[in-house]
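Just dropping this structure here.
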């Protein structure tokens, strides 16, 4: 163990607690992870442990191929999806998966989250995509890893550095970022804009995505080259 | 009184308090019960007592036929429904009834709760059924016990060990489990998925139950033979 | 001042605080009052005073004709509506008016609150009526008192001892009871069933009032001759 | 620095904290400002500072033309919109901008907020207007200042002393008042009536603005010449 990994365990612990404190998860739901690219070490929440029992010490460490390096707890049941995303997207440093209420409502509706306003545009560069439903043979083969494949298939052609969230149809959101903290922050924002969009489309079913110029202005002001 | 029954009173007390703390009940609403199968003793919340006055000591104990064994308070007015379920389903150890907001909204809409996603599938094996409206002669005869009959009629053909909740039309949810704690846990989950489903069907009225393979994967991963 | 009136001031103070604590009012909104029938004294919340400044001592006392007996604060701007109801309905001892979110949503929709389930039926004997919109000449003449007249007109033919709430169209709910405490309790319940009904009618627009036998069973079990 | 400006910094600090405490903003969202007309000094929240790090001391002071007078933090990114409103409307002393959930839902739906009831009429004299979508050349030229222009264009013909809020299409609400405190108070009210109206129009899509006589009665009772 070294200082860098100690810090990562602490950061991943903090990220998981933030999910709980912001109300995105209840009981033992949800999981945040982080990666140390240099050593290829992923740190993730243990499976089935109550939030008030979490600590940096019981965060699970594993290799990118899934070999667990720590003793005691099992890693979250969604670990293989996290690993798949880390292997595919080399630029990301943190992943969050929740069943947060409003984002999940959209995932269950099997609809992309439209970009209806600047709150959305400040964080996500366009509508947040929704995957197709996972195929039977994928469920049978390796469900959690194939959930990652379905995400990757959907993100093809999109820049994962500017669209850091996806809705998995019939399931819920996956969000990533440069580190666990950003992934949590964006998860909270995704929940907020999912709630707003739910209301907006009921008030006006015709309200569509905002125009490109407004999207560019808001997103690029914060995340573009001159941000 | 013996240690086992003391523990049950404590567990039933804790289950009722959890309902209150999770916001599923207000004022004196709602009731959780548990059973000691060996002695045939049911423990249930007293009727009309504020939550801040509840304690293990004022939980009411009764026989399966309804004979009250403890002095002081009357059992919850829904007791006969609980007893009916305990007599019919020998495998269950706890029952919860609430008028929790979101699940009750579906019961009032007289609609089963569709299984729109994996959050639902993790806890309930398919759509949560909604009973028919109770018949006039049943209301006149023995309303609370007949509410149990209406539930049992609806559950015919379903495995109550894998579908542990039902919506009573025009009324609200009944939930059961291997003990009071599980029944409360599932009541909280039912409320959560009722909220999500409410939003999902407004976003997309065509969103239907998830496919069987996905349901199986999630439900059986947690509750199947190899769980 | 005598003990009975001291107690009433305390009860009215407590009723107003309960409205605040249950989230039915924000800032200085809302008002609860009570009456001592023997002396014909009404006690009501002062106008425009923040909830954290309220105390039994600054509750305003007045006669049924509106003559203020205490010094310092003005009575709530809705006082004349309260007085009108006290003069018309001799059996009531407390009145509450709020702009609570869910009940007001129905009042603004100018729709009676349908009795969709037993939660509603436990407290209100049928659908909660919604008045017609107040007429221009009534607004011009004596708006607050005429708001009472519009309520009384709507309640004609209904038993105010069993339907203790009304929605004033384009405005909000008025609720009454045998004392301020009951009026507050029913206000909280009205809010709860208004929320549930909002969701139920969106899930199933065809869901109508529950049948009379079920309404009777629930309401009369609690409020009938043999309650 | 003088006493008056010290007080203004304190008031603007308090206004920003109130936005946070009332739940209208999360993380670093939202901004409240105030102006001292005598010296032409505007005080506004710094950009990107967490709410728990705010203090009167880090509020940013600037001239009406945008010249920053204090060191340390940058002013909120929406500052130019605030300044534009202060320059155009000489009678206003405070401005608030949030992405509060319910008001923003209406802005994203690109719909004015109808005046459906007296809660609305107590604070806003008629429906709260919604601007047109900002034009591409305005976005390119000077986005934040042109957001102010779009507001001013929409408010033409309206009295900004009696309609103190506007919804910027695809964006969110701007609210103003005689001082920062009033602007915050009205922002909270706008959120409340936006929530109510969302529900009312779903219950009854035909519910329209209340009639003029009722609007006059409520609004002018509080804000008219004889208030």
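Residue numbering begins at 1 within each chain, and the chains themselves are lettered A, B, C and D in the order written.
What we mean here is this: a contact is a pair of C-beta atoms (placed from the backbone, for glycine too) under 8 Å apart; a residue touches a chain by one contact, two chains touch by 3 or more.
Note that the coordinates shown come from a computational prediction; the quantities given were computed from them, not determined experimentally.
With touch defined as above, tell me whether chain A and chain D contact each other through largely the same residue numbers, more than half shared, or through different ones.
Counting shared over all numbers used gives less than one half: different.
On C-alpha atoms alone, could you tell me the rotation angle mapping chain A onto chain B? Nearest 5 degrees is fine.
C-alpha superposition angle, chain A on chain B: 90 degrees.
Suppose chain centres are the mean of their C-alpha atoms. Which chain sits farthest from chain B?
With centres defined by C-alpha atoms, farthest from chain B sits D.
Centroid of chain C to centroid of chain D, CA atoms only: how many Å?
33
How many angstrom between the C-alpha centroids of chain C and chain A?
Computed value for the inter-centroid distance: 47 Å.
Residues of chain A that contact two or more other chains, please.
Residue numbers touching two or more other chains: 201-202.
What are all the touching pairs of chains?
After working through each pair, the chains in contact turn out to be A-B, A-D, B-C, C-D.
Applying the document's contact rule, which stretches of chain D touch chain A when the two form their complex?
26-27, 77, 99, 101-102, 104-111, 133-134, 136, 139-140, 143, 170-172, 198, 201-202
Any idea which chain D residues touch chain C in the complex?
Those in contact with chain C are residues 116-119, 185, 188, 192, 195-197, 199-204, 207, 210-211, 213-214, 217, 221.
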